[in-house]
Amino acid sequence: MSFFIGRNHEARRSYSFDEVSIVPGSLTINPEIVDTSSGVGDIKMGIPFLASAMDAVTNPAFAVLMSKFGGLGVLNLDGIYTRYPKPEEPLSKIIRATPEKVTRVMQEVYSRPVQEKLISQRIAEIKEKGAVAAVSTIPQNAHRIGSVAQEAGADILVIQATVVTSRHESANGTYLDLKDFCKGSRLPVIVGNCVTAEAASELMETGCAGILIGVGPGSACTSRQVLGVGVPQVTAIVDAADARDVFYKKTGRYVALIADGGMRTGGDICKAMVAGADFVMLGGTFARAKEAPGQGYHWGMAMPSKYLPRGTRVKVGREAPLEQILTGPAFKDDGTQNLVGALRTTMGYVGAKTIHELQQAELIIAPQIGNEGKLLQKMQGVGSV
Amino acid sequence: MSFFIGRNHEARRSYSFDEVSIVPGSLTINPEIVDTSSGVGDIKMGIPFLASAMDAVTNPAFAVLMSKFGGLGVLNLDGIYTRYPKPEEPLSKIIRATPEKVTRVMQEVYSRPVQEKLISQRIAEIKEKGAVAAVSTIPQNAHRIGSVAQEAGADILVIQATVVTSRHESANGTYLDLKDFCKGSRLPVIVGNCVTAEAASELMETGCAGILIGVGPGSACTSRQVLGVGVPQVTAIVDAADARDVFYKKTGRYVALIADGGMRTGGDICKAMVAGADFVMLGGTFARAKEAPGQGYHWGMAMPSKYLPRGTRVKVGREAPLEQILTGPAFKDDGTQNLVGALRTTMGYVGAKTIHELQQAELIIAPQIGNEGKLLQKMQGVGSV
Amino acid sequence: MSFFIGRNHEARRSYSFDEVSIVPGSLTINPEIVDTSSGVGDIKMGIPFLASAMDAVTNPAFAVLMSKFGGLGVLNLDGIYTRYPKPEEPLSKIIRATPEKVTRVMQEVYSRPVQEKLISQRIAEIKEKGAVAAVSTIPQNAHRIGSVAQEAGADILVIQATVVTSRHESANGTYLDLKDFCKGSRLPVIVGNCVTAEAASELMETGCAGILIGVGPGSACTSRQVLGVGVPQVTAIVDAADARDVFYKKTGRYVALIADGGMRTGGDICKAMVAGADFVMLGGTFARAKEAPGQGYHWGMAMPSKYLPRGTRVKVGREAPLEQILTGPAFKDDGTQNLVGALRTTMGYVGAKTIHELQQAELIIAPQIGNEGKLLQKMQGVGSV
Amino acid sequence: MSFFIGRNHEARRSYSFDEVSIVPGSLTINPEIVDTSSGVGDIKMGIPFLASAMDAVTNPAFAVLMSKFGGLGVLNLDGIYTRYPKPEEPLSKIIRATPEKVTRVMQEVYSRPVQEKLISQRIAEIKEKGAVAAVSTIPQNAHRIGSVAQEAGADILVIQATVVTSRHESANGTYLDLKDFCKGSRLPVIVGNCVTAEAASELMETGCAGILIGVGPGSACTSRQVLGVGVPQVTAIVDAADARDVFYKKTGRYVALIADGGMRTGGDICKAMVAGADFVMLGGTFARAKEAPGQGYHWGMAMPSKYLPRGTRVKVGREAPLEQILTGPAFKDDGTQNLVGALRTTMGYVGAKTIHELQQAELIIAPQIGNEGKLLQKMQGVGSV
């Protein structure tokens, strides 16, 4: 059903995590017997969790740790770790900068060039611990940095920008040809981000193994405020999942969908999976881990824009070890700890033994109208349990 | 009418208490001549109010008190009262624990095993005062604890977990067969919770006398945040009531619906009844009673989860004697006192002489958009009356 | 269009003032040439404003003042002014009571019996100043107090309770027969409140001259919270106006609609008129007048309930002289001053020369989503003008 | 699709900026190659930005500065600059007035008559710097002030009031005949404001070059609160754009639409353009420029109303030089800086090379439900990036 935003102007209605809820099934399953594994390309993971390619989240050590728990940490190859042999110093500069100066400090830190030697070194640091090495770069650097990463033994390559399409016009026509690139790559390639069925379909045609879903996913998110651009994440995932299923029927090739952005709690994550995601990619949530290189701080972009800042530094705190965030035990009830436990419990409640069965569960529209009032009440200690 | 949350993905719209309102009738009745009685199985109660099977709410003394006012208090047989001969001490530990330690303290308190002797003793304490003994246990313990309770003279048995279905898969297939259990039980059995017409229908087929409705009923509720699971309570009740009426027409057997959770005010309670509930079950509201064993504190679960806490301890205050909460007089105008008076007045306004007539009143969709602004205004003392 | 709040359960969507807006016309009119007069029965008023029958709002002097400005103040004949020869003292008791004691103080003040002598005296005080004497009582007292008022020369009688229907069941069947009463009354009778087309139609059949519209009109209002009962005011007015127009076509008799409750600003008032009201009745707004007997305080009910308080005392402040509230000049831009100026300006913008033309203007659904965020911004001084 | 706000009463649903979002395209373009130019009448501008005809925003120097950056500043000919040879003094009076006195001070400042000599002088100050001279007046003064402005060499004339229609009734019928006026004017004429397709169509028939769109555009805006009048800006623009396109097809004449009001961030501006605007006109945003004559203050109306104040003085701060607000670099991520950069980036994301292509991008309904909760979280430092 479409709505009219003017006399003769139809528009689709889209939905965010805050507006939907998962309906329990008529069959339930003991959480202990559900299977949380998920795959992209030939790589199979025990849990469908990726850590974002952000400098405050994933350094080589964190990638190793994610691998250990069955997930995956994606290392940003355009960031601090490939610009600085000793990343502690620039990280510390960003973390210690006063709020007034932090944007300039970040712009300065990220002006140092990337060193190919460091790319190889960082990948080696991951591989020598037996972990899966997932690395990311922006489309403009895909050829140069991608081939170095491939040489260095990376397992997955992520080509990521705010919006990526298979068709891009630039002044001189020298932009990345994704189809060409994927065909030529020995590694499985994940591309994104995108948010519509059309764009996702076209990206699948390039031969990629996975697609990142999420542009301006939340209504309070910076892209929405600065640019007005964005699609609420539930609708974006549902539409991309629809395109994926159509593509799978047509070609027999299953392209994994990775929901990226807008998720904070176990509830958001489970909703993303029910909407059709195969994986979730988390930044802020993992930036809260004690082991995260951001030391309680988080900044949004792989590389800060010189002239249009989005995603400045935010204090997130160092909340708990990654293990506790992933598999508990949780000592808070706000949904930010024991995310795998939440996933298992939800799978049990909807009677899903696998991630693919979880994707078949029912979402119901259930807006959080009146929620703020209740938040206020909670703050005043009068909320019901 | 369904909505599309994606191009080809329909979803139902569900409604919470905050989004509906009761429409006055064209006929009104003097509140003094309405009949508030309601029944489950063979048991008839003067008022349709149950106190939750939570340790901070219902101990044997509170169950007796509820009975005295025409309602029912359900005693949790998996909790403190059947683990400790002297419950004062563990209650006091939980109440006095610092916020940092309370989750661990609760986990420790609830690790002591249940004693069958205490089950009998607690039921006796209720029965010897001439009160109705309603007791609850989780599905896993239904056979063992249920049979002890039956022996001890309990009147109603509640089998309760967050989500209960008549079909449940576990590793070894040893889970409770509800149909079998209800058939074998001499006591009327109430089961739940559930939130869909399908699940409710299947539960009715087991032969139970009543069903608990409510999973993640409110948008600010912990299950929704931690797991993403839940159905707004109005839609859950309406759908279950529809299933109940269909089942009644088909079989001639009337299964009582007990709305459980998400209700805080007289308004919420009346809406639950109009939506189709036969009873409401209240936790936080009764935890505020002076006589409640939680002494101004409330904690959500019968048994705290070891690894996924939901419903931690909340300070609710000791607001008024139970009698005042139930039948007034109210000295506050926030809808938390004189709940029976509110029910009677609403029945009068919609022209309903009985609970069954109340269930036929009209609900209108009336969202609380803009409510927070008004709450803010109220806080600043500029709100209109 | 109806919505489904459950699988097989339709419900109407209703609208509050916060959810609609008035659309400017293609023709505009100079505000100075619009006609704001409106009538009920044979009584013609220059402005469509009534002051509520509340003790903190309308005493005889205030009624005289309202008349002077072209409006009408309704005197409550069940309140302080007919119970006490010297009302200053009980008013002062209520105003000075501490918040903890105010409910009990009010219950005590209102326990003194009404004196028929004082009814006559209060009406005389209004009449001797050449003002229109509008008086109100509750249905139970209509015969006794109504006939005294009639004798004393009152011009309009208001029979008012939270919900009034033409059919009411009581224990002994002695309740007021409205049809009978209106037929027997020499005065025009206004009855209410009601909120549906059906109830309004039935009340019109009794022969009344006007109907009060409004039960739980706002989402933050006490009736909605305590009882769950209420209909958002725009929908209530629109439906009653529809019934009025149908009744007028059928019988040739025009029954005036008085929107009562839920209005705070000039915007709310104009929306009520566009929705179809012939008058607005304001309590809190006029309680803020310097001349109001509540001296900066306001309490909601004609008579406080002994056991279910709604509408306790609220501090509203003494904001401005009544003249300034009605006809300006306004020194605030929040819409609470110069209400007649706002009405005239809006009539000009929609091209309405009369109240009946104003009732034909277009309402558009325009919810205040995101409003709270903007209120917060305003508080922080970053809002746009 | 229409909705029912009562049994038999349909109403259109309208949308505000907070309720829509821009969908990225399947084709993207490098922001460096997009063309941001837009035109009204014969005048072509490099960027589609106008500064409002408000005394705190546009004085001659600011108009020159806007011209330099490719935009346009509109000078209010009914305001301080044409009433006072030395405007510094009255500006200072308004800026320094205490909040209690500011309304009276403004009323006094604006009581001094306009001097025709100063009109010519102000226009000369703009022209002699080689800038485009856009000037505005109210309909009542159009003939007198318009002809002086024309003589003085103005380039564009704006006839502006809260609501302007081609049909207006006044007491003596002496109101401005817009058709006549436009025909007789040598200058291109911009008229407004209006918010419906009908009113816009009728205004286009007068022969104007451009139309201002916006009456009570935001839900927290003063016109909405004081008068109840207003149409959310997205729907107003979409409907006017529809009328413009119909008119263009019929007559071959393209009338420019200028979105006026309700926009604060780059996101709002981009949404206005996608909805169909050719230009945006900003008041508060430019009042924050270091060069703005309001010196960190802003007041809404060209001329404050004597009796119905809307748009009183607001402190907005002196945030950054105009250049930084327009073209960055931005040192804040709230969307109030580098507005042209935001426009370019969004054009790139939707694959639009020109403003007309940008107007073809897709808007999706994406309400900011739950946003306040997130704002609260952000304030508490727990928001996700």
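Chains here go by letter, A, B, C and D, matching the order in which they are written, and residues are numbered from 1 within each.
Operating definition for what follows: contacts are C-beta pairs under 8 Å (C-beta built on N, C-alpha and C of every residue); 3 or more make two chains touch, one makes a residue touch a chain.
Fair warning: this is a prediction, and the values are worked out from it, not measured in the lab.
Engineer: Give me the C-alpha superposition rotation for chain A onto chain B, in degrees, nearest 5.
Structural biologist: 90
Engineer: Validating interface symmetry: for the copies chain C and chain D, is the fraction of residue numbers used by both over half? Same or different.
Structural biologist: Counting which numbers both chains contribute, under half are shared, so the two copies meet through different residues.
Engineer: Measuring centre to centre, with centres taken as mean CA positions, what chain is farthest from chain C?
Structural biologist: Centroid comparison gives A as the farthest chain from chain C.
Engineer: Hey, how far is the Cα centre of chain A from the one of chain D, in Å?
Structural biologist: Roughly 39 Å separates the two chain centres.
Engineer: Measuring centre to centre with CA averages, how many angstrom lie between chain A and chain C?
Structural biologist: That pair's centroid distance is 55 Å.
Engineer: Give the residues of chain C touching no fewer than two other chains, as numbers and ranges.
Structural biologist: Within chain C, the residues that touch at least two other chains are 1, 12-14, 18, 235, 367-369, 371-372, 375.
Engineer: Following the definition at the start, I'd like every touching pair of chains, please.
Structural biologist: Per the contact definition above, the touching pairs are A-B, A-D, B-C, C-D.
Engineer: Note which residues of chain C are touching chain D in the complex, please.
Structural biologist: Going through chain C, the ones touching chain D are 1, 12-15, 17-18, 20-30, 32-33, 197, 234-235, 238-239, 241-242, 265-271, 274, 328-335, 338, 341-342, 345-346, 349-351, 362-376, 378, 381-385.
Engineer: Over in the complex, which chain B residues touch chain A? Could you list them?
Structural biologist: Per the touch definition, chain B meets chain A at residues 1-9, 11-14, 16, 18-19, 103-104, 162-171, 175, 194-196, 198-199, 202, 215-216, 218-220, 222, 224-232, 235, 262-264, 283-285, 298-300, 306-312, 314-317, 367-369, 371-372, 375.
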